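Please go over the structures that come below.
What follows is a pair of complexes built around chain A, which joins chain B in one and chain C in the other.
Presenting the complex of A and B:
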């Protein structure tokens, strides 16, 4: 007889991660994600193509905007404002829902692992999966837009951008893992929060914006938008600059807090499979 | 040993719908068959005894412990669910290995245990094939493999023979009986009396969310035999099958359905025995699937409930 050893929470979560990563990577949702991140790559390709013909992809006050600034615009307006929250929303809310819909949750819940470890394992798989797709696309965009001569001076910013996007995926994923576990219509609630509540309160004066993830994420963006353009106008509306440590503290607090709450909900929730 | 399962005033409601209604029952060690038509409450009862559902009222203890919110107890329980749900992109070996790793086995142990389990259900040859490419019978067997891979004390099997061909049914029944002979315990559900009868004489009859009767299978056996029994047989050559079925007088009527023949028999035992021999000999072509609708049992339940 082979008897398994009693596992710790982290070991159990790691094993659920091993089981889930492959399934997640080859799911239809990943095709959707690949299409989403293909957008910025396509835009970068167009910008590059325009430059080949001696034109400038973006001009502000008649002056051409350098490639690294265009890259900054894309990081801020495409990745942080749209791609990262959308991926966090679609993956985070589906962490348990996919298993329930596919009726495979039974196999995980009839093993000697805490249900919370199942959620954390699947969350880590989501994080690995999205990072594996999103970050390479950012690097492709960077190398397409930034001239070779500027690489040494801007590479540090690229590393910060990559870390920032990974942090964004982690925070939004944890937030929406909780939304997915707790609410009956998580996608709708997530969309309202991300593109309704967040965007509205960020544009308004007052302290309500401190209840958004985007507030802290925006403050960490290292890029300055090209002046006098729409992006700089938007950035001036949305961007405030709380200290770095405050932003990091709150982002990690949101991540840990919502992930903990999500595990608590999953531990207590009854999943009824459709017959 | 204490009872495997002890339920006290156990009820489960899905909103306004009652899945199980005030059930008080003790399931003794050994093999116990849970028999009832579809929608009787078998799956609800099994989900309650595997901690997937929380009782709306009452209590349920498995192997002496509460089951809801008690993951460590699953080290001693193996569960084969009814639903045909898998990670289709994984191979049988990958899937069973990944699941037994959740029981705390090391990588090397998990791989060896998975291979042993797949061998027990005669699926080792197809272990490297993707589950998505498995036949219905193979999918049933790989589900069985994941349930017994960690050598549990208690196996809970929800309709485990569904979709298996006659030979595999016989082998699976033998596997279940061997498991019990090795000192393990099994609770198995079915809507087909003959399947249950082949495994155990100890049954629980369930209908409309209530335990209608419990005890020895022979007490309801005669009742079943007074009702014609319908068997759906799908094979490569349904007409050849029909010709062979007509040789004996245990067949009351027959009809054809695309690649299957549906037989009504008054003597299911002798018919099933013939069917197994026919499958083994291959005289009437390959038999792919045998199913028995629960109409037969439903009639008996109506009778029991009236009594």
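Presenting the complex of A and C:
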């Protein structure tokens, strides 16, 4: 480093990853993430506690809802609809924005590393950080809600859920890393896209929904979509199920495409720090 | 990477590894239902042969005592008709029958008369029933220490498909009714402990039922065969393998129908079709409060290969049915 020799892209990304993982894990943002993922765990704990006393945690039409169905509702309503996009949004948009805001981006960019490697390293740190927090929480919720006797019949779906959530974090993270690198108000744009545009077009007929991440994610969920409100009712009505390979192709294409675009933006953009 | 970061990564990784490992072992070994819970369902299931394709149960006592039954009581058979039956058999359905189990075996699915077994639990005057049966031409015999009454239809003696109808007093408070072979199979199932309780696929379905006073579980193809549906209709039916239907009758009626499809794609298609129908039903019922409550109570759920539809018939719908039934009865009496 002291010689000023430029590191390879991979080595540089790994160094940034090592540095950023610790920073991300023990930052104030992690408290927010811990609170968010603790919600489902707490709900599962309450449900388990209620069942210990011989009552049903959730009843529909007077009938107890099986634990795995409650788990399915939590995957849809809490993880896929809220936690994954929100974590992708808050962490993804902050990958470069935090460095700009803290005026520390100069220190990174004056090192003999490719600018894109900084973003990729930070992105991988985000992915490791969120996966290590979200997936164990899903695992705990599953074992709290699903009776041991139903493990053989439901375990396959849990594996799909875990894979899907990890893929969701990767795709949303890449998308919002680009938004964070390119736009001036990335958080606002991300919120409008996630909870405005996506939710609206999914509840409408037409092909506009193909421009959303949720369209491909929702088609891969092994649980039935809960229809407890007007929006979710309309979404379930107009829900389409593209083939598995189509969904995976587009999700990986969005991931790779936006991550590439984000690195290009970071490579070329001239960051002007406000005094 | 700092030490506390390493610890965090190790703990998170351990949670994932333990969870995935436990799930993999459970999936590979396929824990039977009985490992983690006692046998579900009523005791009478021990008299149902292990190869039964469909098993249904009704808690007659709870249904008879329900508020719903009290509402519709006046519309039932007249007291004179009931007294005539009670006088002959000594049996009062409302008071003496507690529960009924119906089983259909898959082995003779194309011959319904040979494949049904009914197990009735209640209070019987066995001697009186036997005397009445013998008076009407039945014969009494013993099988494995159990008393069996069988009746042969003299007009069907040349029919190769004909089977004797039999009633077996298998326990002091339990009778088995069906053809002679089925009643004997029922006694053997209990004696040899080779009954439906040892059928893990069926008991898994029974185990999932809770708080229901009427239910049915079984293989869907057995029902489709019994229903004699046209082949064109059967071809369009979704690829359902197992089903369960459960209901709770008290002041109202609530229930759930659950089906397991052959694969996840079939289940997804079925969920989509049902979801569309439900959405349409809700729109159609928008201006009819009673129907709207019924439509709103229908909830579609399910995971992977399962599709579940739960419903609740609200009081308003029952009010309409009650007034219709009473109106019809009034017309008949006039």
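Following the convention adopted for this analysis, the second predicted complex is superposed on the first by the 253 of 275 C-alpha atoms of A that agree within 3 Å, B and C clash if a C-alpha of one lies under 4 Å from a C-alpha of the other, contacts with A are read in each partner's own complex, and residues count from 1 in each chain.
The working rule: contacts are C-beta pairs under 8 Å (C-beta built on N, C-alpha and C of every residue); 3 or more make two chains touch, one makes a residue touch a chain.
Just so you know, these numbers come straight off a predicted model, no measurement behind them.
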| item | value |
| --- | --- |
| Joint occupancy of chain A by chain B and chain C, clash or fit | fit |
| Which of chain B and chain C A:7 touches, first, second, both or neither | first |
| Greater chain A contact set [chain C / chain B] | C |
| Which superposed partner A:106 touches (first chain B, second chain C, both, neither) | first |
| Which of chain B and chain C A:26 touches, first, second, both or neither | both |
| First (chain B), second (chain C), both or neither touched by A:155 | second |
| Partner chain in contact with A:66 - chain B first, chain C second, else both or neither | second |
| Which superposed partner A:132 touches (first chain B, second chain C, both, neither) | second |
| First (chain B), second (chain C), both or neither touched by A:140 | second |
| Contacts of A:18 with chain B and chain C, given as first, second, both or neither | both |
| Minimal inter-chain CA distance - chain C and chain B, angstrom | 8 |
| Those residues of chain A which chain B touches in one complex and chain C touches in the other | 18, 22, 26 |
| Residues on chain B engaged by chain A in the complex (per definition of touch) | 14, 43, 50-54, 69, 71-75, 77, 79, 81, 83, 85-87, 89-90, 98-106, 109, 112-113, 146, 150-151 |
| Of all residues in chain A, those that touch chain C in their complex | 18, 21-22, 25-26, 56, 60-66, 68-69, 72, 128, 132-133, 135-136, 139-140, 142-143, 147-149, 151-159, 162, 222-227, 233, 236-237, 239, 241 |
| Contacting residues of chain C [partner chain A, same complex] | 1-2, 4-5, 8-9, 12-13, 15-16, 19-20, 22-24, 26-27, 29-31, 33, 35-37, 204, 207-208, 210-212, 246, 248, 254-256, 264, 268, 271-272, 275-276, 278-279, 282, 297, 299-304, 307-308, 310-312 |
| List of chain A residues in touch with chain B within their complex | 1-7, 11-12, 15-16, 18-19, 22-23, 26, 102-104, 106-115, 267-268, 270-273, 275 |
